[in-house]
Amino acid sequence: MGMLNLVLANVSRKPATRLYPFEVRAPFKEFKGRIVFNPDNCILCGLCQKKCPPDAITVTKADKTWELNVFRCIMCTECVNGCPKDCISISNERAKTGAKEFIKIVVPKVDTPKAAPSK
Amino acid sequence: MPDNVIQNITEIKSMPEVLKAVEGMKGDGYRYVTMICLKANEGHELIYVFEKDDKLKHLRYFVKPGEKPKSVSGIYLCALLIENEYQDLFGLTFEGLAIDYKGHLYLTPNSPKTPLA
Amino acid sequence: MSLAKSPWIIHVNVNSCNGCDIEVVACLTPLYDAERFGVLNIGTPKQADIMVVTGSVNYKSVNVLKNIYNQIPDPKVVLAVGACASTGGIFHDCYNVIGGVDQVIPVDAYVPGCCPRPEAILDGVVAALSILEEKKKGNIKGKEVKLKGNEVPSNA
Amino acid sequence: MNNILLAVLVLIGAPIIGCLASGVDRKITARLQGRVGPPLLQPYYDVKKLLSKDNMVVNASQNFYAVVYLVFIILSLLMLVFEQDFLMIIFVYTVASVALIVGGMSTGSPYARVGSSREIMAILSYEPVLILYALAIYLLTGTFKLSALLDKSSPLLMYTPLIFIAMIVVLNIKLKKSPFDYSTSHHGHQELVKGMTTEYSGPGFATIEIAHFYEYVFLTGLIFLFWASNPIIGVLIGIIAYLLVIVIDNITARVYWQWMLKLSWSVLLIISIVNIAFLYVSGAQLA
Amino acid sequence: MIENTVMLLILVPLLFSLLFVALPKSLYKILAWAFFIIGVVLSVTLVLDCLPTGGAGAFDVSESSFPMLENIVLVLEVLVILFILAVSAKYKNWPTLGLGIISAALFAYTYANVPGAEGASFNIDQFSQVMILIVNIVGTAIILFATGYMDIYEEHRHLHRQKTFYFTMSFFLAAMNGLVMVDTLGWLFLFWEITTLCSFVLISYNMDQEGINNGFRALALNLVGGITFSIAIILLSTKFNISTLSGVGTDAAAAAVALPVALLCIAGFAKSAQMPFQSWLLGAMVAPTPVSALLHSSTMVNAGVYLIVKLVPAYANTSLGTAIAVYGSFTFVMCSALALSQRNAKRVLAYSTIANLGLIIASAGIGTPLAVAAAIMLILFHAISKALLFLCTGEIEHTIGSRDIEDMSGLIKKAPLLTTLAALGMVSMLLPPFGVLLTKWVSMEAASSNPVVIVFLILGSALTTVYYAKWLGTILSSSMDKNAVPHKKPETYFPLSFLGLAIVVTSIFVFSIYHYFIEPQVNILLKAVPTISGQAGQFTTEIGAFAYAAIFVVLALAILIYLATKSMFKPRMTSYYMCGENNLERDRLMFRNGLCSYEKSSVSNIYLQNTFGESKLTTLGYAISIILIVIALAGGVL
Amino acid sequence: MTTVIPFGPQHPVLPEPVSLKLEIDNDVVVGVLPSLGYVHRGLEKFIDTKDYNQTMYICERICGICSGIHGITYSRAVEKLFDVEIPERAQYLRVINSELCRIHSHLLWLGLFADGFGFESLFYECWKYREDVLDLLERFTGNRVIHSMSKVGGASRDLTKEQIDQILKTLDDLEPKVKNIEKVFVNNYTVKKRLVGLGVMSKQLAYEAGTAGPTLRGSGNAVDVRNTADWDIYRDLGFKTATEKEGDCYGRTKVRIDEIYESIKLVRNAISKLPDGEIATRVKGFPTGEAIMRAEQPRGEVVYYVKGNGTKNLERLKVRTPTFANIPSLLLMLPGVKLADVPIVVLTIDPCISCTER
């Protein structure tokens, strides 16, 4: 009769369902939602590309572009920790669902990278 | 930095001896854990891993190029998966497998052949 | 509207690490309860409308993927869930991986993440609904995906 | 004229009631599981959608059996409403069940065939109980015609409590609810995929669903007969039985058909026969 | 008029049996067609002949010709017994020899002690007419079918015995015709023994060890019946001075003749292969299928129930009647259960036959007008359906080379007409609106006054549904492994289609049939008629109504709806769901297995061997049925 | 004629693509041939292109369910190559992560298992409770399922005071809930009807078949890697190995339920003993040598073999996952069960095909 108690208790309570998308629960602040790139400080050193396990980031020095294949990123934060200039951060907003998305950003100012930057 | 090596390892020189040793292991109440295959000197190195009372014990055997090692699935049935796996991945041929997938355990005829070899 | 109110899904795991799968299943459980939208995880492709694919495609599962796709009656929508299904994800250059699902069958919507949250998958389903409606209106048929000769094992 | 009106009413009304019943089932099931559940009209949306889909078949005749299933369910329901011979109703209902089974078998899919052969075993377990129920009605009214039963003023249930219990289980089997959902289950999570209906799609499957709507009404109608003397109580009993089945569905695991067969031939049959024996011995007649 | 027709009915088959011997094989087809047409004409003539006399006809063999005929009968009886003794001695079958010797002794005793009758009478009541129609229309149709069947059959077995075959088959029909028309017990017994003999010859047709063994089993068990039959004759004529069948129920008080009646019933049980005797009918399935169809479904076994039904007045509403009812319903449920575990189609049919005969016997035992009506109708409908099913099985066997139900999976794809006919036969056995179910319904309604019988009937009918539904689903399934070569011959398909049509027609005109044949007959037997009306396409009894017309209409409606919606929802073919691993090129039911090669999926039905298997149930069946017979006998004596 | 049915790869009761060719006679399985390879990606080859840090993320994706433990075990194996000692706090964080993983994985399994025998509401009940644990994991690691909490050299995330309180509170709530579903699994008549005496493996057989984890312990073998000398922390935390004697599906279910309680206790103990300090040490250089590292995953023992050759890429990585060890036992358990029992028996080893095939 254990199950009977359980199901009857369920009826007597409000459903446990989170009514997403009608009621959206705020994401936890710890949640690794998406990668945010701030091009201002980027020096196109390519470290993030090298660290990224699924090869989601492509840094093209010649075109001065930093490119992220959002649908390949696995939110591992290697790039966040690896960037010497702290240009990459992680937000607790989810990436959008739907069509595939590439973030391609032209880096405005590029200081020619000096030797390995020290923290 | 010290070179790490696995403890408790016994080198075995010939295939019949391997079978004998494995049989001995079973007699001593060892559990078959797995077998590790590495490329070594043109051939392959097999490390049989056994366990008893939370202690691991290993046998190491070198498969000469072209040699067809014997399957131990007759002694430990559970060895058949890992042996079939190495048939797929390293192109080895084990003789006397309980179920021989003939290199199709993971791979189909159109997928890459012996990717780890 | 009828299609959008009763999307039955078939969940196809082609080559996934299970991360995405358990989240797809989690969508159906009480906390997310996809059945609110009429979603049922129906076992057979013959009765499904939305094909939810998780994982990248490998050489063995490619036939399965195509067969299942072909067996879903029109109109149908394919939803690729997770980085693997969308682009091959972290496994995109593994030797046995062909790539994202769209390498093999037409995909209508993608859900990012590794693995995606159930909310994201619900978003994907909702996106699929409108595509489903459009397809019905435009009478758009999914085309039969042929099994290429070399994918049928030679010893068949 | 009146009869035609009634028939039309049944033809139109029954699927609406059945659809609502099915919606209520899903809603209540969801609530029992602590979920919100689909809208009440979900079964209607489902059928509407199925009708708008591609008619995928594996052979030319499979949908024919679905149609036979549908029309014979309707016929048995109509016969019930027009208070016909109860034994006959059961036979007509058997036609419907066999049509569904043959439909499943005809698709040739291994899952459908295993499902169908399990469903055949279900016939073996519920049909005797149904006919014993008919027999009880005969013994109490002197005829198999339901019209006689409906003229009586005292309820059948008073004399047939054990058969009533057996009929609840039959209801459970026929609605393919857990623990007896081994031939096809509403959610395809079982070893047989969707069992008998694995190869049905679109309109063909919609036919089966619509037939299910009629069947819901028909089956609860059989329960209604236990208290036909007072329609309100009768309907109430039908509803209670239906709810009971839903609750049982949610607190049990699926069992084997072998177990069901054993249960039916040992427990259900025996209690029904005991009930019948009592009726014989006492010679009771419905007032 | 009637006399001539009656004589023709006996003589024409005899003539044909001689023709079959005389003429070459090439003419058999023409002969069979002629036989069929003449059989139809003669039997219809008989019915028409009886019309002016109020439906029933009777005449006595006149003084002058009687002694000659009586002598012929005597000589024939001696010949029959000598033949039995000879073959059982030749094959060293001692039990049969023993039974033969007992029969001979009884014959001698009868000859010496029973006073000779002054005349013999033929009594062609409606029941006899029904039987004549069955024997001469269904029977000749079966012979016609055989001409398309036997060539292939013999070719595969390297046999050349067709002359014997057709001779015996035709001879059998003659005997059967005599059996159902004659009223004098002595003559009846002769025809009875001739059918036994014919069945022995036909069962052992293959002349292999199995065939001969089974032939002897049939002979021996039927001889047991024959022995009880002759004891009953002796008892009746010496103690009660009764020498006609119709006299048994009317000339003496029912209670007084209970023992001989019980003995006669046992003879009937043996001939109808009821429970402890059932093994001969199962063994008979080694014979060619037309033999099974003719002897063991539609005619010979009917002789047993014919006798039992004719005896109804002698035991209606007595404890003997109740015992018979319980016994019959027990056989019904037991054999239905046994049929469930069989996958050999002919064995399924054999068990189904025994079960249905059990149902007939049960109905007769109940003895109410309604029940007796049911019994007679069931004999009719069952004969047609079963003949069709047997013939279809035979043709299926020649098409796919197997009689295993599992091998028939997907037959509809290979032989649509054949499969449809077989399906019709099965549906007519278990679903409304067809005659067999109607009569089952009637007998259930009639039996509802007897608790034990009705419970048995309920269980048996559920079991029947199961084993037929299984088979039905299998042939209508859509995958086939076997090589199927249908033979498109008119002499094969005409009888099949004819029987199929007969099922539908008789089911549609069921009330007319009832009204013309059954009702008067019940009146003859019980001096009472069931209150049945046939308005509005309903078969209405005092306790229920069977709406067959509505079902026909709905069935037609279903077909219409299906065809109408077909264009609305255009079907599109796809492959099976094989969990995604289809092989689309070779076989749609193939899938890829772990070794990356393709393999065919297949499914077999559930047979419940462990519960309903022959090994589990047969002993139980023997025990209970023998007990029931002993009870019946005891009831008869007390 | 026996029945031959393909069971999978795309089959609604199988959570993952694996195919069994079933030969059935009289409703009883007489032959099984498993077909693998639908999830084979070839991860052991990845080390050619990814460095040993990146490989951690790949190891986590060997399987999405016990992914945390994969990452931890891999990290520990590489740490062994480097012969570094990581901070104690990181050790404890790893234990907390592992045990929370185990709780969610067992609840997940219980649910899927219930679904396997057609008990939908029980399935939903289990998954409802599991969400509580997932919330904890999400707040701890930033992701619900794939955690990436561990890295070579320690942990990449720390627990805050607030999170610790949350964990303790949730676990307190969880325990009675698990008791509720335990009652159903252990006492419900229909469930027992399905589980008791099904798929029996004797103690000896389970041991010789090389099974691992609850499959092994359900047959009465007290083998649990958490007890070994490899990782002392578990010993300090006071931990009891759950075993059942029956060796059937029922026994294995009870083992898993017991392990949930045990894990709850372990998390509590670990939190109470959680030392302060660093959560990672810096690891320098490239790995050399070879090492074997084992850990107890929800499904049993996982074995990592790593071999370094002094470059940033490893030379060989070999993972023997628990399901890999348990699949052969299916060949022993399936023959003789009813067709309807196949999903139950398959699920009873808690199959993890993606880690089997990698």
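Which chain is which? They are A, B, C, D, E and F, in the order written, and residues in each are numbered from 1.
The rule is short, and it goes like this: a contact is a pair of C-beta atoms (placed from the backbone, for glycine too) under 8 Å apart; a residue touches a chain by one contact, two chains touch by 3 or more.
What you are looking at is a predicted structure, and each value in this text was computed from that prediction instead of being measured.
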Seminar exercise, completed: By label, the chains that touch chain A as well as chain F are C, D
For this session: Could you name the chain whose Cα mean is nearest to the mean of all protein Cα atoms here?
Result: D
Problem set entry | Pair of chains with maximal C-beta contact number | D-E
For this session: Taking each chain's centre as the mean of its C-alpha atoms, give the chain farthest from chain D.
Result: B
Problem set entry | Remotest chain, chain A as reference, centres from CA atoms | E
Exercise. How far is the middle of chain D from the middle of chain F, if each middle is the mean of its Cα atoms, in Å?
Worked result: 43
Exercise. From the C-alpha centre of chain D to that of chain E, how far is it in Å?
Worked result: 36
Exercise. Between chain C and chain F, what's the gap in Å when you average each chain's C-alpha atoms?
Worked result: 26
Exercise. Which whole number of Å gives the spacing of the CA centres of chain B and chain E?
Worked result: 69
Problem set entry | In chain E, residues with contacts to at least two other chains | 572, 574-575, 577-581, 592, 594-596, 601-603, 606
Problem set entry | Multi-chain contact sites of chain A, meaning residues that touch two or more partners | 3, 7, 15-17, 19, 53, 74-75
Seminar exercise, completed: chain D residues touching 2+ other chains are 30, 32-37, 54-56, 110-111, 114, 187-190, 193, 198-199, 202, 250-252
Exercise. Of all possible chain pairs, which ones touch?
Worked result: A-C, A-D, A-F, B-C, B-E, B-F, C-D, C-E, C-F, D-E, D-F, E-F
Seminar exercise, completed: As the complex stands, chain E meets chain C at residues 572, 574-575, 577-586, 592, 596-598
Seminar exercise, completed: In the complex, chain A touches chain C at residues 15-21, 24, 53-55, 69-75, 94-101
Seminar exercise, completed: As the complex stands, chain F meets chain A at residues 50, 53-54, 57-58, 61, 121-122, 125, 128, 135, 138-143, 146, 148, 156-157, 180-181, 183-184, 187-188
Exercise. Which residues of chain E touch chain D in their complex?
Worked result: 409-410, 412, 430-432, 437, 441, 444-445, 448, 451, 454-455, 458-459, 461-463, 465-466, 469-470, 472-474, 476-479, 542-547, 550-551, 554-555, 557-559, 561-562, 565-566, 568-577, 579, 588-589, 601-603, 605-606
Problem set entry | Interfacial residue positions of chain A with respect to chain D in the complex | 3-4, 7-8, 10-11, 13, 15-17, 19
